[in-house]
Amino acid sequence: MKPSNTPSSDRLTTLLYVTATVGAALLAVGAFVAPDRIWSNLLVASYYLVTLSLGALLFIALAYVSGAGWSVAFRRVPEAMASLLPVTGLAVVAVVAVRLKDYAWHPRGPHSGDNFWFKDWWLEPRWILTRAIVCVLLWIVFAKLIVGISRYAGPHSGTRSLTSNVRLSAVFLVVVGLSFSCVSIDWLMALEPMWFSTMWAVYQFSGMVMATLAAIVVLCLMLRQQGVLKGIFTDDHLHDLGKLLLGFSCFWMYIWFSQYMLIWYSNIPEETSWFITRTHGPWLPVFVANIIVNWAVPFLVLLPRPAKRNPGVMMKVAVLILVARWIDLYLVVFPKTVGSTPVFGLWEIAAITCGIGLFGLLFFRQFDSASSVPSSDPYLNESLHHHC
Amino acid sequence: MNERQLLVTFDHADDLLSAVETARRERWSIVDVFTPYAVHGLDRAMGLRPSRLTWVCFICGAIGGLGMLWFQHWVAAIAWPINVGGKPWNSLPADVPVAFEMMILLAAFGSVFALLAVSRLYPGKKAVMPSGEITDDRFVMVIRQDNAAFDADAARDLFEQAGAVDVRERVTDEEL
Amino acid sequence: MTANADTLRPPLVTGDKSLGDVTRDVCAPLERRPTGSWWAALAVSSTMLLVGFIAVWYQIATGIGTWGLNKTVGWAFDITNFVFWVGIGHAGTLISAVLFLFRQRWRTAVNRSAEAMTLFAVTCAGIFPLIHMGRPWLFYWMLPYPNTRGSLWVNFKSPLIWDFFAISTYFLVSLVFWYLGLLPDLASIRDRSKGLRRKIFSLVCLGWNGSARTWHRYETVYMLLAGLATPLVFSVHTIVSMDFATSVIPGWHTTIFPPYFVAGAIFSGLAMVLTLMIIARKVMSLENYVTVNHVDKMCKLMLSMGCLVGLAYATEFFMAFFSGNVYEQFVFKNRAKGPFSWAYWTMVTCNVVIPQVLWLKRVRTNLAFVFVIAIFVNIGMWFERFVIIVTSLHRDFLPSSWAGYAPTIIEILTFLGTFGLFFTCFLIFCRFVPVIAIAEVKGVLPAEKREQDDVVERSQEVAA
């Protein structure tokens, strides 16, 4: 079922083109004017987008492995998101590669000594780049395999495709656990190389899943409004996504609090340094706002049952969570790269609009390139009549 | 007050559901339906409103959580402040675990006690049900014969065609 | 036409059971005399319980010196066993609450016994904080109540107090959840009984009558309890992990402990559920309800939790070297090569290596293999807590304080006694309470064949 070129989708495409181009142009200018800030924005934006794509693939894999039938009807949406892994993966590797040499990734200098032999070896620039490329390549391979098998499943090979994808997904889960832990440490935690937290990868994982679920909600609602997923993406699907969003928002809060409280409690200076920068002075309001938009508001709004079935409410909460995810990543990157005062201006807006425009354009192009429903999946019927 | 009732027994959940829908369509007043397990879709078929016990849960939880936060603050910052590991008197991060647990405890107990109170379940209550087989494998719908216009025989035929295992009338003053 | 989804999902109850069959099959063990094997098992477990009881009595009367603890190793068997039992309890709540929220209907065959197992495990766990106090008879000082000592309130900043609140809440909420689930089943038994038995079950089922209006509210509250129990189960083992993580000791102070401990708890709990259910289903003839498919699903869950635990091990090890903290690095070197390396390698083998065979469906569906693997997992998880506690304590910052540790016979017998308590409670539970959630299983029975359809089908076959 190919979507028709409705006026609304044309308008949308034009809007996305404009935002992407204007944003990109501004970023190009900024690269000469304020390179540090532009690089920080590019890191946040590219990491944000690659985790959206990876999170979508993870969503598909988890559905396969757990034998879930409810999400099959709208599976093309996360599939299209996951198909963007080559582009978003390349973007983030490029951003990391650009600053490898002259960024203080590894403490050669007064901190170096016998103690830090492992850190010196691990944060060797070529090794960071190699790991980044290997992990992204692995993700791309699994995305192509899993999404490919799902998209090109013939009308009579539905069960066979399902079995293959379940096996691939199980292996992928192991691969993503190790590779995502690795890259979240390399790309974000290593920005402050003297700091460390074993919870880091779990923390980044929780944010990734929240943002992915919110993005799926937004995109499915948009596609339903355009008519493509009308009658296919039901209010019951929306309800389930709302429940997952509520649950993972609480999970994010749990992980965030565990990390914060344990470091606060023991009060060891080499660990508290990360939080000290972010809770003093002008960063404190951003720090508090981060918790409010990532957990407090979604929790209170999504708790009642009718809210999760209301497209208007769900769309607003999902957009809020997408914004909140940006603030979360902003709090990770900017205090180190930009300094003691939070900044939000033209360059940030440029990066955000460029990111939205690019992702949106590529997503809709990918979505249109395949059928909008996995018609040969054995669980499709169950999904379309899903009741919750 | 005595009332005439029609007891319709089924042995299959689907039959019961369609019979309940029939009864609602005919605007007969259903006193209650008795089932051995929670039949999916029955509350919708009967037109039951969503339970307000969710509010009880939320309010009890809020009282538990916020109350315990306040109590811990009072103990550590007002009543008898003691220097523990150099932590500030008012340690919000350290207060969260206990407040969270009390929130869950009060929400859980509040909801369950409210459920028992509203459903009038308590130790020593004599179970009021039309048949002892309900907890085994029979589904019973009890219809009140409201007015003289209620045609018991027509209803009986309708239900028997729909798969009822047994249809009988009774006069009772039991509060169901 | 694509394959029917029904053929992909194996039936949850095999053997063409009707609603009445479910009631009969599950109530049968309660209504006949206990078998010889039940009496034998009870004899063994009550002996263990008695031995443990004597050991604890002796220890409380004589003092904590009867244990092998010393100034350096202040916690060992006592807290290891505490965390071990609390962890086992977590599977019950996972199966009851978390799987309910995820609409996994296969949980209905195992949730009743898993929840009961939680209650017994938490009871066993609660014994240890109680007896490890120097003056256990003053345990009530943990409760904040107005008193004549100031009032001297409890120290809410202490993770040990958080533990007290967490474990008590966990026990009480699990009890209420289990009891709520039992109400309809107790009513089923009441209606099948006569005389004194009927009176007792009448009393405990609170006058349950199967009214749909009550079911409606009941389902709402059940869902609320499931929604409350899920964060509860996460928070309880998180708070237990904070007993260690809030310290400054290398090997203990690490931020990943909360989710790592929760994953480990679910891992060991599932192993215990599997151990118990594989035996119970055979002895109580419930193979049609706790099918091989159920065991397969629990194995997959267990495997995924085991992989998460393995990932946590790798992360901790990595971060020890990445951080450059020599003390943290030493902890890991000491674990692998020091005096307790035998415990460490047992842990790694049992938790990470052995469960990997569960990737094979052939293994997951072979109940004898699964039983053995589950036992290994429990052994491994016990050693994990032992390794975490003892290796970090016995050799920390000051080498002159380094010490050894060996358990005394009192500690070993106490631990044995908790197994006695656990199995005795479980055996009594199997004897008097329906082991499977009757009403819930009835709700997931595959669509029953009606008698009329059967007749019509047969006549069509004849005509064709």
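Letters A, B and C mark the chains in the order given here, with residues in each chain numbered from 1 onward.
Just so it is clear, contacts are C-beta pairs under 8 Å (C-beta built on N, C-alpha and C of every residue); 3 or more make two chains touch, one makes a residue touch a chain.
On a predicted model such as this, the values are computed, not experimentally measured, just so you know.
Chemist: Which label fits the chain touch graph of this model best, line, ring, star, complete or other?
Modeler: Here the contact pattern is complete, since every chain touches every other one.
Chemist: Could you let me know which interface, A-B or B-C, is made of more C-beta pairs in contact?
Modeler: B-C
Chemist: So which chain ends up in the middle if you average the CA atoms?
Modeler: Looking at where each chain's C-alpha mean falls, the closest to the middle is C.
Chemist: Averaging over Cα atoms per chain, report the distance between subunit A and subunit C in Å.
Modeler: 34
Chemist: Could you grab the centroid distance between subunit B and subunit C? Build each centroid from C-alpha atoms only and quote it in angstrom.
Modeler: For subunit B versus subunit C, the centre distance works out to 29 Å.
Chemist: Calculate how many whole Å lie between the centre of subunit A and the centre of subunit B, each centre taken as the average of the chain's C-alpha atoms.
Modeler: Comparing mean C-alpha positions, subunit B is 41 Å from subunit A.
Chemist: Counting only residues that touch at least 2 other chains, which ones in subunit A make the list?
Modeler: Correct list: 261, 265.
Chemist: Where in subunit B do residues touch two or more of the other chains?
Modeler: Those would be 50, 54, 85, 87, 94.
Chemist: Would you pick out the residues of subunit C that each touch at least 2 other chains?
Modeler: As it turns out, subunit C has residues touching two or more other chains at 231, 235, 238, 242.
Chemist: In the complex, go through subunit C and note every residue touching subunit B.
Modeler: Checking each residue of subunit C against subunit B gives 18-20, 23, 144, 150-159, 161-162, 165-166, 169, 172-173, 176-177, 180, 183-184, 187-188, 190-192, 202-221, 224-225, 228-229, 231-232, 235, 238-239, 242, 439-440, 442-443, 448, 450.
Chemist: With touch defined as at the start, can you tell me which subunit A residues reach subunit B in the complex?
Modeler: 257, 260-261, 264-265, 267, 303-305
Chemist: If you look only at subunit B, which of its residues touch subunit A in the complex?
Modeler: Against subunit A, subunit B makes touches at 50, 54, 58, 85-87, 93-94, 96.
Chemist: Could you list, by residue number, the parts of subunit A that touch subunit C in their complex?
Modeler: 65-67, 69, 115-116, 118-119, 122, 155-156, 158-159, 162, 170, 173-174, 177-178, 181, 185, 196-202, 243, 247, 250, 254-255, 258-259, 261-263, 265-266, 268, 375-382, 388
Chemist: Using the touch rule from the top, collect the residues of subunit B that touch subunit C in their complex.
Modeler: 11-12, 32-40, 42-43, 46, 48, 50-51, 53-54, 57, 61, 71-72, 75-76, 79-80, 82, 84-85, 87, 91, 94-95, 97-98, 100-102, 104-105, 107-109, 111-112, 114-116, 118-129, 132-137, 176
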